[in-house]
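So, here come the structures, one by one.
Both complexes shown next keep chain A, but they swap its partner, so chain B is in the first and chain C is in the second.
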Partner chain A sequence: MSAVLNKKYQYLLYLPLLLVFGFTVVYPLIYSLYISFFSYDIIRPDMTSWVGLGNYLAALSDPVVIRATINTIIFILISVVLQMAVGIALALLVHKEFNKTNILEALLLFPAFLTPIAAGFMWRWLYNPDFGLINYLLRLVGLAGLNWVGQSSTAMLSIIIVEVWRLFSFVFLLTMAGMRALPTEAFEAALVDGANYWQTLRYVTFPYLKPVLLAVLTFRIIDGFKAFAVFYAITGGGPGISTEILSLQIFKQGLRYFDIGKSAATTWLFLILLSLVAMVLIKLKFKEDTY
Partner chain B sequence: MKILTKRLSLLLIICLLGLLVANNVGLAEDKVLYMTLSSKASGILRILPEYQEISGVKIRVDVLPYGGLQEKTYLELTSKTGFYDIFYLDVPWMPDILPLVQSLNDMDIDFAELNIEGFIKNDFLQTVVFDPKDPGRTPSLDRALDYKALEEDGFKIYGVPTQPNVLTMTYRKDLFENPQHKEEYKKMYGKELTVPETWQELLRVAQFFTRDQNGDGKTDLYGTTLMAKKHESIFCDFKTLLYSYRGILFDANWNAVFNSPEGVAALQFYVDLINKYKVTPPGVTSYSWYEADMAFSSGKTAIGFNFKPMKLSENVKGEVGYAPVPGKLEDDGKITRAPHAGTWLLGINKYSKNKEEAYKLIKWLTSKESQMKYAEVVEQITRESIFNDPAAIETFPEYYPVHYQSLMVGRGRPRITVYSQMSELIQVQLSSAVNLEKTPQQALDDAVDAVNKLMSQTGYRK
Partner chain C sequence: MKNKKKLFHWLFFRIIITIVLIIILGPIIWMGLTAIKTESQALSEDPIWFFSPTFDNFIQLWTGGEYDQQPYLNRFLNSLIIASITTLLSLCIGLPAAYSLVRIRSRQSKYILSIVLLFRMFPPVIFVIPYFILVSRMGFVDTYISLILPYTALSVSLVVWMMQTFINQLPIELEEAALVDGCTRLSAFIRVIFPLLRPGLIASSIFTFLTAWNEFLLALALTRRNAATLPVKLYGFIGEHGIDWTGLAAGSITMIIPIFILVIIGGRHMIQGLSSGAVKG
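Showing the complex of A and B:
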């Protein structure tokens, strides 16, 4: 009897968690799905009307949303590849020389500690073509400065540089941790077999690091979708719509235009895209973990 | 167990004390007004303690930057809790939030005492006078400030103007008055070097001043700043030119029509200043009002346009003067100026429980006596009598007349609930034009298409 009671009782203990989870995650999620089918006017709630898939169709046929989606993907592809490349390269470079790299790690982590919005405003001034530090330094060495964020051709690249600067240390740190945990036997065996540096890297280090790197990649890609503050601070989506990304669009639709229905619909499209990407990544990682 | 009880009691006492401090020991207060302010409302912030002393009413203020203020305002108003009694409102939000702002006509107030005739008419009518049935309607700008007559025509008053922002020009007086420059200019153009009154004069003067000052072969002084970033600022710049070219944004049926010959000529002029004549600093396409201010104050340009009187930074030697934004020279010799203007207002939350007290505070903050105290900070003055009072403006005599003159002809934004969307759609295309990705005609055609689509979707266009 007491065992049965205990079993029943244990479900009761889940209740606080379920309540909190329900109110803070499930309810807002379902509500956002619900209002995505309405033309929802927060000022005049009485004029709210059912539009079915109207908001979804409006979002899917909105050239700005389409461009924002493409920009988001381009941004993630380039910035994540660069973050991974810089982070891994740096880790490979220093892990032998510094067995205790605490100070270096702390220094490298500094950009990641900065609030993204503060980092964004700081770079906005650094990039300023007329009185920013970057062009000043370029001019000192005789190069003509660039209108970094003022022209479409370089605006996205400029933001990618900021994001790589801000976040490569995450890759660096986890790669370092992964490398410290590598079994020394394999390396010794490689050494005995006469493998050179690149061969060791290709056939020993990377295969061992693969699970860690895949996890890092997953984090970086999912985080890439959440990029917002730096875009908001530096370009606000411009010039034209060259740096418009999905998160910025959702913010503008929701909290600038107060077009809550369309904003919710775009959020759901965004969520579907993100879930698809996450699923592929997790599958990849799962495959890797089960060798 | 004893120790545990002791510790718990101590913790409880600390929590209670914390709660009391957090509540500012405000248990005995009876009258508290809550208001929002923008971080630019320094004049009001400065004199609020005085009002608290006179009236005994406590005022709690939340000061926010622009973006945060708009979000806060919308979310607070729509929650209908009435938590904030007074809102610091930017005029483009008004058509959207009008149903949630208290009209003064529906309160028991003495309009004679408020003395609305004392405000700058053009500014007052465009800032606080709205038709609740048709928020898109603007009263004719030459009519008198008579609340009864306005009410008869369906208009009500939704607050009191404060902080009038209008585009003005700041120029380098030392450069304009330099005898060598004067002589050189006369030789080149056969005319006296004067502060530009028309767009053509602006171009000529800007070309004249775009030069290499220190002889290193590189241009280090430019004619003028503009605010050509994809930002609200580029729309304000374009609107100023458009209206002075006698173009309009919308016709009477809310069809976007700014791709008219006037609109194209206006944008062509703007694009040419940047790309053809190159009289602006090279980075001007990433300038909003912040960067424009910095460019002028650091001595990069001879002329600058902004919504405030700009000054030179300490390490730049020189003097500044102020003048109205140039306009378009008409065939009859008149100049049409239409500097962008957007004034803030103090409005009462429709759901406030302290409307009477809130009104009293607004009346006090916008009275002539209070506005006299803002004279040093310029930003909050909306009464005509202050501008005409030499004693009041002696703190800044070179700027006040320019500000006043500009407010008299300033042109506000279209009154639509989808203003932010509309502005963004146009900003994108203007930005493409200044970056030479599209011709002015193409950019404006595309902007008109996008805006018309928006206006149809939102029911403005039938």
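Showing the complex of A and C:
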């Protein structure tokens, strides 16, 4: 019997993929590593000169970059924890009744696929200190309105709320999918053994859900590093540098101040941070798999 | 007793879902209301709930003032063209790749699949500087191709990863039986496998289209006057004298209507695609 794929030509089927990756992913990344060691002059590329680790030292000694690094970590940590908490809690609350409600699922998914820049502006409008709906609602119940995104104490919190609003439904829907796949026998056994709701949750539901939750957690954290447009639409990094994150910094250094070399160096520092986090997550998953 | 408990559950579920839907849809509906208000109605300290709607903002948007350097219609077409070509290209590259990588089952193909997963994790911002310089050097700034290629690179890994989970669910005996029945390899794929992959194809097309439709960062970096897309146009509503809120609202609502339609049509497949990756991967 002949093979499903022709041995001679099977490589041709994924060759275009490798070519696209080579030209648009690998080459640009190597190129950015290369220019991170140069002082790159955007107007006169021929004046480019080797500076060694100079760009990295400049980035690491820049207080704005340091603040942006801390903010990136804080932002991802808090927004992912809240997304997971809200998503899982909601799944636990409604999973018994929630079935075959496709339109509802689609509606929940809608914010996640909303143009981030549009979602950002929607919330900036809600947060508006004078005409915003949120301050109006606060005034209705007798509270003082806040200058949500206009003061550094609440700006980051305001953006985190937007991200949780946008993305918790991912956690919710995937947790629901995981719950549908749970073996019913385990729950029956728990019932027979007289386990109460919390014991069942702790000793039956969560252990079974753990691989799914870990996968969701990994994707939420990795996606957190992709945040840009919502920040750009709502605060652009301000007030001051209170919501400055690394992706904003890379963009601003490169395309606003045209410090290409430093921006490339910051890109690689960002990639190193991302790889460290990814390595921890993979290790967690590996530990899970060996059980 | 049991009925009472059932009623309570029924009620509780509906209350929770209603609250969630209000939170999820509220900001979008509020933007929609702003889009059909006049500027003075929108900029009122106490929100106006009842008013006679005006469509001036939308008319203004589509016909544009004569001073509008960046007509919305043009940006809309740019976004549509770029997102459509990106989708087509990603599928043409991603589907054969996913099919062959799953069916070959060699160590090398597993290796390539894990690279695909790795590339899916890359945030677009790491490409801003190299793309900007390379695209400027090649003289491609402000052209469709300068966005289509990066967008294809960003979404092709998603297509491959999603399609490989769908193809993995199909037993290879399907094609083998078709070959025995006298199909060629190509017709075995087109007539037997392709129809079964429909949910996966719908899901990954929508994901790819929306990734390109929504992308802001690279569009901001790589386009100027000609090839700019809708997200860049939306940012343009921030003027020197503040934000044109009603115009921005109309622009945002227009741009998210296609998203809404796609999510409603393909939501089921998209959730299936997302969860088969996460639950089994």
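Please note the rule applied: the second predicted complex is superposed on the first by the 272 of 291 C-alpha atoms of A that agree within 3 Å, B and C clash if a C-alpha of one lies under 4 Å from a C-alpha of the other, contacts with A are read in each partner's own complex, and residues count from 1 in each chain.
In the analysis below, a residue touches a chain if its C-beta (ideal position, glycine included) is under 8 Å from a C-beta of that chain, and two chains touch if they have at least 3 such contacts.
Owing to the predicted nature of the structure, the values given are computational and were not obtained by experimental measurement.
Novice: Tell me the contact category for A:130 with respect to chain B and chain C: first, second, both or neither.
Specialist: In the superposed model, A:130 contacts both chain B and chain C.
Novice: Would you check which partner chain A:191 touches, where first means chain B only, second means chain C only, and both and neither mean what they say?
Specialist: neither
Novice: Determine, under the contact definition given at the top, whether A:178 touches first (chain B), second (chain C), both, or neither.
Specialist: Once the two structures are laid over each other on A, A:178 reaches chain C alone.
Novice: Which partner does A:255 contact after superposing on A: first (chain B), second (chain C), both, neither?
Specialist: both
Novice: Touch check for A:35: first (chain B), second (chain C), both, or neither?
Specialist: In the superposed model, A:35 contacts chain C only, not chain B.
Novice: Specify the partner with more touching residues on chain A, choosing between chain B and chain C.
Specialist: C
Novice: Between chain B and chain C, whom does A:104 touch in the aligned arrangement: first, second, both, or neither?
Specialist: Touch status of A:104: second partner only.
Novice: Touch test for A:280: chain B only (first), chain C only (second), both, or neither?
Specialist: neither
Novice: Identify the overlap between the chain B-contacting and the chain C-contacting residues of chain A.
Specialist: 42, 45, 130-131, 255
Novice: Mind listing the chain A positions that touch chain B in their complex?
Specialist: So the residues of chain A touching chain B come out as 42-45, 58, 64, 127-131, 145, 147-152, 235-241, 252, 255-259.
Novice: For the complex, give me every residue of chain B touching chain A.
Specialist: 70-71, 74, 77-78, 96-97, 99-100, 229-231, 281-287, 291, 294-295, 298, 300, 417-418, 420-421, 424, 427-429, 431-432, 434-435, 437, 457
Novice: In the complex, go through chain A and note every residue touching chain C.
Specialist: 1-2, 4-6, 10-11, 13-14, 16-18, 20-21, 23-25, 28-29, 31-32, 35, 40, 42, 45, 90, 93-94, 96-98, 102-111, 113-119, 121-126, 130-131, 133, 136, 165, 169-170, 173-174, 177-178, 181, 212, 215-216, 219, 222, 225-226, 228-229, 232-233, 246-247, 250-251, 254-255, 260, 263-264, 267, 270-271, 274, 278
Novice: Any idea which chain C residues touch chain A in the complex?
Specialist: Where chain C meets chain A, its residues are 9-10, 12-13, 16-17, 20-21, 23-25, 27-28, 30-31, 34, 42-47, 92-94, 96-97, 99-101, 103-104, 109, 112, 115-116, 119, 121-134, 137, 149-150, 152-153, 156, 160, 172, 175-176, 179-180, 185, 188, 210, 213-214, 216-217, 220-221, 230-231, 234-235, 237, 243, 245, 248-249, 252, 255-256, 259-260, 262-264, 267-268, 270-271, 274-275, 278-279, 281.
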